[in-house]
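Input: a single structure, listed below in structure tokens.
For reference, chains read A, B and C in written order, and residue numbers begin at 1 within each chain.
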Amino acid sequence: MGTPIKKPGWMEIPIGGRIEEAGNAHKYHVGGWRIRRPVWVKENCIHCLFCWVSCPDSAVEVHDGKMHGFDYNHCKGCGICAQECPTKDKAIEMEPEDIENQFDN
Amino acid sequence: MGNRIALTGNEAVALAMKQIAPDVVAAYPITPQTEIVQIFSQFVADGDVDTEFVTVESEHSAMSAAVGASAAGARSMTATSSNGLELMFEIVNIASSLRLPIVMPIVNRTISGPINIHCDHSDVMAIRDSGWILLFGENAQNAYDNLLMANRIAEHQDVMLPVAVNLDGFIISHAVENIDIVANEDVRDFVGDYYPEKYLLDEEHPLTMGPVDLQDFLFEHKRQQIETLKIVPQIVQEISDEFAELTGRQYEFFEKYKLDDAEIAIVAIGSTAGTTKAAIDNLRERGLKVGLLSIRLYRPFPADAIVKALSHVKAIGVMDRSESYSNTGGPLFSDIRAAMYDAGETAKIINIIYGLGGRDITVKDLENVIGRVKEVQDSNQIAEKVIYYGVRE
Amino acid sequence: MAQMLEIRWHGRGGQGSKTASILLGKVCSAADKYIQAFPEYGPERMGAPVIAYNRISDHRVTVHCQIEEPDLVVVLDPTLTATINVTEGLKEGGKVIINTDLPAGKMKEKLNFNGELYTIDANGISEKELGKAFPNTPMLGAVIKVTGMFTMDKFMEMIRKEFSTKFAHKPEVIEGNMNCIRRAFEEVKSE
């Protein structure tokens, strides 16, 4: 679920708008922006990783050079991965987001 | 004591920059600041100083490069005047809001137009609300000394704000005067090295500077600036006291000249303050109890201390070398009146706008100005709130 | 010396009045005087009338305006007197030094001036010593003599130091300039 944040006051934050923690964009979940979700069809996947290369949000999870599914906290549902998927029977299908599984991570 | 030599204001500033030896200077020439850049770049070319000198194509780029270098962790400086300052205006605000301790001499010149290269304070007054610390002085010695203190103030851990050191164009920048210079090693010891706590090129602790900062956070960052500026005067004084120990030259938020027993006060900024002293001496010989308050720290504005210093006078003439086009007088006038009003002071205050575009103001002129303030004191009423002195009717 | 000596230099762009005022200021500074040396900045054009100033004092000079009532006026080009009232504001008892080969009496007449007026043929001296008319350094010699600020030997010793810095890139002109100053010191006259 989207976390309600108690925002810190001026005495608690770094000066000048600095962000002093590297890579903390990971903590910011944008999955809730999604109206369509990519679904991985494992049996059709040839692990070409075109999806991984194309994803603008680094939301394709890859382990040991193999496609492993999606990071739904960071996938915004743009559908580029499905578009780029080269297999005849698509290994990525875009499905309507449903209220049940929108925040499944 | 010390080492007294004869230098122009610009030569003194360039010398101070050489002694400070910043990591990066990015600057673009503009009259009357040009000599600073020219002389300093010669120091670099001759190997007298180990500074990365960045020649840029505009003042916007000069300040941008200074911002970049400062964010990267370098002690960074630039210098400018007039329209150059206005061209860098966008980045001037970024420097202060990103809390980058850049130091910049400003050789005060009127802003165009019509085009004019001579002194007034319209350039720096345009950045008065930009969150920079603004220091002024009446002569080349003050400019040199303020510059030697500027890095210490800017880089102080509890400050981290840029500092501008102002000197009057031509009147100070191009006039030769005696300067007591501080020995190179003493400057090195006093200014010290710059070790920023957080900087972009720190590989061990990567960080982001200048991210988008929206409704949910920008206000907090502004509040930080505001709260920091509240403690800046105290830090300026600590560093000034330390400088006095080194040089014997004591600086405060402002200089009081024959003010303590005065019934009439003149408040001024810049070289005119010095000329006012001569006028005061002359009038004191004729029995007039007049004194001067010459502002050194203008931003943040040391209102409480100023009120205290002026609390006993009956009438005040505030000298502004720029207009605010508000129909209520110049910027310093507004500041002084606001401060006095808050304190419930009842002294009659008038504004004298003078010297725009470099128009000379002489000792006699200042005696006349003091005469006008005396009229206010005698009549206990203000016939003319803002006097435009020295302009042809 | 009076409490503060104020000098106004009149010249034309290119004649070196600013340089002369700065050289005088630097020498006086080296002699522990408080000084100012500054030109009146305007359009800088060869031949246009220009003004430079000196203040020399035993106390720090706080005044930062032009000099309206000089103690001494130095005129580097006599033809300026046709268009400029060079004695304007001159203090009671103030002095004038003019670069001219005319006698002082004649110049007094031209200027309608009854005070102390000195003449020196600075162009003649400079042409002889430097091969070209640079009236500013001879005028320095005349100023030193008329004001009595320094003995000639003392001034020569001090100005040599300034020249060695100023002319570091062309030391061959130093002796000529030194001669200019010495000769002007000896030849300036009020008759």
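One rule holds in what follows: a residue touches a chain if its C-beta (ideal position, glycine included) is under 8 Å from a C-beta of that chain, and two chains touch if they have at least 3 such contacts.
If you're wondering where the values come from, they're calculated on a predicted model, not measured in any experiment.
Path length between chain A and chain C in the chain contact graph, taken as the least number of steps between touching chains: 2. In terms of the distance between Cα centroids, chain C is separated most widely from A. No other pair of chains has as many C-beta pairs in contact as B-C. Per-chain Cα centroids separate chain A from chain C by 81 Å. If you average the Cα atoms of chain A and of chain B, the two centres end up 52 Å apart.
If you average the CA atoms of chain B and of chain C, the two centres end up 35 Å from each other. Across the complex, chain A is touched by residues 97-100, 160, 198, 205-211, 213, 216-221, 223-224, 227-228 of chain B. Remark: chain A residues 7-10, 13-22 touch chain B in the complex. Those residues of chain B that touch chain C in the complex are listed here as 4-6, 117-118, 138-139, 168, 170-172, 174-178, 271-272, 274-275, 277-278, 360-365. Residue ranges of chain C in contact with chain B, taken from their complex: 21-22, 25-26, 29-30, 32, 34-39, 41, 60-66, 68.
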